[in-house]
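In the two assemblies presented below, chain A is common to both, partnered first by chain B and then by chain C.
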Partner chain A sequence: MVSFVEVVIAAASFGAAFALLALSINVIYSTSTVLNFAQGEFMMLGGMLGWALYSAMGLPYWLAVVLIAGGMGLVGLAEYVLVVRPLLLRRAADIAIMIATFGAAYVIRTATALGMGRVERPAKPPLGQTPFVIGGVPILPQSFVVIGITCAVLILAWWLYSRTTLGLALRAAAFDPDGAQLVGINVDRLNALTFAGGGLLAGIAGLLISPLSYASPWFGITFAISGFAAAIIGGLGSWPGAVVGGIILGLANALMLRYVSGQWGTFATFILILLVLYIRPTGIFGERNAAKFGTV
Partner chain B sequence: MALSMPASGDPKSDDKPLLSVAGLTKLFGGVAAVDRVSFDLPAGKLIGLIGPNGSGKSTTINLISGLHRPTSGAVHYRGRNIGNLPPHRIARLGIVRTFQLLRLFGDLSAFENVLIGAHLRGRHGFAAACGGPLVTGAEERRLHELAGNALEFVGLGGRAQIKAKLLTSGEGRLLELARALVAEPELILLDEPAAGLNTAETTILAEKLLSLVDGGKTLLLVDHHMSLVMNVASSIIVLVGGRVLTIGAPGEVQVDARVIESYLGSGEVYRRRRVKHEGAREL
Partner chain C sequence: MNVQPQATAAAKSPRNGSRLRTNALALAGAFAVIALPLLSGNGYIIQVASLAAIGAIMAVSLGILYGHSGQLSFAHAAFYGVGAYTAVVLHTQHGVNFIVSLFAGAALSGLVAFVVGLPTLRLRGNYLAIATMALQLGISEVFVNAKITGGSVGILGIVRPTIAGFSFESPFAYYVLLALAAVLVFMLAHYIVHSRAGRGLAAIREDETAAGVIGVDVIWYKVSIFTITAMIAGLAGGLFAYQLEYVSPESFNLDWSIAVLSMVIIGGKRSAIGAVVGAVIVTIVTQLLFSVGDLQFLVYGVWIIVIMLFLPEGLVSIWGMVRRGATSEVGL
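== the complex of A and B ==
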C-alpha cells in the first residue's frame, strides 16, 4: 500500500509537469489554432538551462526561474516571428505550419546539443534529495515544488483568462479570430503573446521536471509526445482537460514503470490516447468545435 | 473625438462624404464579385444597399470593413484611404459592422460580447491591454457601465449573463447591434440585420435604426428584401451582378424598370408582393 501511494505521488509530480506542458500547448492552440510541435523542445531547453544556471553555474534558484521564464518567453516569441507568423499572414495550410514547427523543434534540439553537449545532465533539485516521510511514505521534496508551482500557475492563468481584459480578448480570439479583428482586437499581437506565454510555461515545466529525471537535449521528443497526449486526452483547448490529461498520463506512466516495465511507458501513453479518442473523439473535456459550429 | 475637432476648422468638411468608394473591384479566382463600384455615404444619413442574391452586397461590406482586400479601387474614410488597412485598425477608426450570419463570441456571455465592443472606445483599448498594463479599475467600471447601457438600449438587459450561443437568433441580432453601438462608431455597416426577425422585431429594429440616424450616426443598411430599406433609407444603391445599377431615392428606385426586372429575374418582386399583401391583411 505504501509503495502504491509512493507511485501515485510520483505520478502526480510527472503529471503536474505534463499538465503544465499541455497547458502551454493549449495557450498557443486555442488562440492561434497552431499545433506547435516545438513545445517539447521548449520544455527540454528549460531543463537544460535550469541545469546550466542552477546546478553548474550556481545561481540562486529564484534567479534561474526568472531567467528561464524570460528567456523561454523570448524563444517562443522568436519562433512565432521567424517561423509561424510569415505563414499565418499568408494563410498557409494548418499542416504546413505544423511541419514548420517540426523544423523549429529540430533546430532547437540540434542547437542545444551542439551548444551544451550531447550528454544527460543531472539537475540539482532546489530543496535537496532527502525525502520527507509523511505517514510512512517517503516523498521527494521536488514533488512538492512541481505540484506547488503548477497549482500556482494554474490559478494565475485562470485569473488572467477570466478576470482581465487581456483574457477577454484571448477568449474572443480563440472563438473567432477574424471576428475578433473586426471588433478591434489585434490578433497578430495576441498570437505573439501566446507563443511567448507557451515558451515560458513549457520552459518552467522543463525546469521543474529535470531533477526528477535528467536534463538532456534528446528528451524533447518524449516531452512533446507526453504533452500532446495529455492535451488530446483532456480535450485540445480545454484547461481542466490539460490538468486531468496530465495526471492520467502521469499515473499510467508511473504504474507501468512500477508494476510492468519502463519500456512500456510510451506504449501505455498511446493505448490511452486511442482508448480515450475511441470513446470521446474530442477528448474528455473537449467541446471546442461543437461549440463553435453550434453558434450560427 | 469628433466633438473636439470643430467643423469650422475645415469649412468644406460638411459637404464631403464620410465614406467614399471609388472604382472598388474584388476578383475571386477571376470572377468579379464587385466590379468598379463607386458611391458616397454622406454623414448622418441612412443609405440602403440592395440587390438580388450574389450581387456583391456582402462583399462590398467585407471590403469596407477590411475583411477582404480590394483587388483595385479605393475606400476613403474622412479623406483617408483605408482600403489596405487590417480590420482591427478600421474598427478603431470608427467603422463597425454586424453580420448576415451572426458572428458573436458564442462561449462568452452577452455582456462580455458587448464589453469587447466597449473596449474599442476605451482610453487604453486592447492595444494597451495586449501590450502594456491591464485596464485600470476606474476605466474598467466605466466600460462595464457602457456595456450595460447598450444591452438595455436593445432590450437585452435581462439576458446579460446568458452565453451568446444560447440566445435566439433575434436576440443574437440585437446583441450584435449592441456590440456595434457601444463602440460609439461614426459609421455602422449592417449586413441583413432583419434576417430571421419576425414582423414585430423588424419594426422595433427600424425604430432603433432611425433613432441612431437622429443621433447623428451614418448607417449603410444591406438588405435582400426591399421592405425594411424602403421604409428607413433616405437613398438607395442598387447592385446587380457586382455593379451599381442605379442610385436614387426609395420612391424612384421602387419604380425603376431595370430594378424591377433584375428582381423579377430572381422572383423577388413576387415574394415581396405576397409578403406585402399578407402584411396588409394582418393590419
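== the complex of A and C ==
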C-alpha cells in the first residue's frame, strides 16, 4: 500500500510537469495551429539553465526562476520571429512548419550540448533531498514544489485567459483567427506572445522536473513525445485536456517505472495513445469536428 | 486519353510514339545519372551515391504514403530498422540466403506496420503525426533494449553478399545492386500511383469522408498502403545494412524519419522524380556536414529551417516558375 501511494505521488509530480508542457503546447497550438516540436527542447533547456544558475552558480532559487522564465520567453519569441513567422507569412503548409520546428529543435539541442556539456547534470532540489514522512510514506520535497508551482501557474493562466482583455483576444484568435484579425486584433502579435508564453511554461516545467531525474541536453525528445502525447490524449487545444492528459501520462510512466522497467517508457506511451484515441480519436476533451484534426 | 474516347488508332499512334520517345529519353537519362558515379571510380563518391540510392527508395515510398495518400508518418525509419535487423540476423548470423533474408525483412516490416496500422490509421492529421512519432520512438527503444539487435552497440561483422556466384563485396558492385533496386521501386511507385488503387488513395488524400461515400474502402486502403510502403522501407533497411556493413540503433531513429520527410518535401511531395532529387540533395548535404564535426547538427538544423523557408512547396515549384517564365516569354 505504501509503495502504491509512493507511485501515485511520483505520478502526480511527473504528471504536473507534463501537464505544464502540454499546456505550453496548447497555448501555441490554439492560436496559430502550429505544432512546435522544439518545445521538448525548451523544457530540456529550462532544466539545464536551472542546473547552471541554481546548482552550479548558486543564485537564489527565486532569481533562477525569474531568469529562466524571462530567458525561455525570449527563446520562444526568437523561434517565432526567426522560424515560424516567415513561414506563416508565406502561408506555408503545416508540414513545412513542423519540419522547420524540428530544425529549431536541432539548433537548441546542439547549442546546449556544446555550451553546457554533453553530460547529465544533477540538479539540486530547492527544498533539499530529505523526504517528509507523512503517514509512513516518504515524500520528496521536490514533489510539493512541482505540484504547488504547477497549480499556481494553472490558476494564473486560467485567470489570464478568462478574466482579462488579453485573454479574450487570445480566445477570439483561437476560435477564428481571420475573424479576430477583422475586428482589430493583431493576431501576429498574439502569436508572438503565445510563443513567448510557450517557451516560458516549458522552461519552468523543465526547471521543476530536473531535480527528480537529471538535467541533460539529450532529454528534449523524450520530453517532447511525453508533452505531445499528453496533449493529444487530452485533446489538442483543450486546457482541461492538457491537465488530464498530463496526469494520465504521469501515472502510466510511474507505474511502468515501478512495476516493469524504465526502458520501455515511450513504447508504453504509444500504447496509451492508441488505447485512449481508439475510444476518442480527438482526445478526451477534443472537439469532434473534422476541421480540428489539422490539415497536414 | 479519356478526353477523346473516340480518337482513332491512327490519331493515337503519333502521341504514343512521342510518349515512347520521352520514355526512352528518360530511361537513357536515368541510366546516365546512375552510371556517372561508377565512371568516377572514386570510393567516396560511390559511398555517397549508394546512400543517395537508399535515400531515394525511402523518399519514393514515403512519397506514396504521405504525398500521394495524405497519411503523414514519422515512423518510416522504424520500419527501415526492422528490415535491416531482420536481414542481418537471418543472413549474417544464421546463413539464410541473402535475397530471402532481404524479403523476410521487408515482410516483417509489413507485418509490424499492418498490426500497428489498424488502430493507428484511425487517427487523422496532427493526431496521426504525433502517434506515429511515438511509434518511431517506441520501436527505437526496442532496438536499443532488445538482445537480438545487439543493444546500443549494434551488430558488427556484416559482409556484403554473394548472389548466384557473383560477389557484391566491392562497393561498386553493390552500388549497381542498389541502383537496380531504386529503379524497380521507382517503377513500382509509378504503377501504384497510376493504378485504380492509386486513384482511390488520392481520393482519400483529398477528402476521406467523400472517398468513403463514393465507395473507397478507406481503412483497408490506408492500412494496405501503410503496409506496402513499410515493406519498401524494410527492403531499403536491409540493403542499407549491407552497404554500411554495420547496424546500430542510431541509423534507425526519428532523425532519419525527419530527413526522409524533408527529402519528400524538397522534392515537392507528390513527384516521385522530385523525391529522388530530394534524396540526392539531402544525402549530399548530410555527408558534407560530417566535415563540420561537433557543429554538424546545428548546421543541419539551420539547413532544414532555411530550405523550408525558401522552398516550402519543394523544388517542383522552381520548375513550375521556370516553365511559366519560359511560356510567357514565348507568348503562349
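Following the convention adopted for this analysis, the second predicted complex is superposed on the first by the 287 of 296 C-alpha atoms of A that agree within 3 Å, B and C clash if a C-alpha of one lies under 4 Å from a C-alpha of the other, contacts with A are read in each partner's own complex, and residues count from 1 in each chain.
Keep in mind that, in the parts below, a contact is a pair of C-beta atoms (placed from the backbone, for glycine too) under 8 Å apart; a residue touches a chain by one contact, two chains touch by 3 or more.
These figures come from a predicted structure and were not determined experimentally.
Model built by superposing both complexes on chain A: chain B and chain C fit together without a clash.
Look at A:Q181: by the touch rule set out above, it reaches chain B but stays clear of chain C. In the superposed model, A:Y106 makes contact with chain C only, not with chain B. Contacts of A:P240 after superposition: neither chain B nor chain C is touched. Of the two partner chains placed around the shared chain by superposition, neither chain B nor chain C is touched by A:G117. In the superposition on chain A, A:L35 makes contact with chain C only, while chain B stays out of contact range.
Residue contacts after overlaying the shared chain place A:G148 against neither chain B nor chain C. More residues of chain A lie in contact with C than with the other chain of the pair chain B and chain C. Of the two partner chains placed around the shared chain by superposition, chain C is the only one that A:T282 touches, whereas chain B remains out of contact. Within the superposed three-chain model, A:L87 lies in touch with chain C and out of touch with chain B [touch as defined at top].
Look at A:P60: by the touch rule set out above, it reaches neither chain B nor chain C. No C-alpha atom of chain B lies closer than 12 Å to one of chain C in the superposed arrangement. Comparing the two interfaces of chain A, the one with chain B and the one with chain C have residues 294-296 in common.
Chain B makes touch with chain A in their complex at residues 65-67, 86-88, 91-92, 96-97, 101-108, 112, 115-117, 119-120, 125-127, 129-131, 134-135, 140, 164-165, 179, 183. Residue ranges on chain C touching chain A, taken from their complex, read 66, 72, 116, 119-120, 122-131, 133-135, 137-142, 144-145, 209, 254, 258, 261-262, 265, 294-298, 300-305, 308-309, 312-313.
On chain A, the positions that touch chain B within their shared complex are 164-166, 168-169, 171-172, 174-176, 178-187, 189-190, 193, 291-292, 294-296. Against chain C, in their complex, chain A makes its touches with residues 35, 82-83, 86-87, 90, 92-100, 102-107, 109-111, 114, 221-222, 225, 228-229, 231-232, 236, 263-267, 269-270, 273-274, 277-278, 281-283, 290, 293-296.
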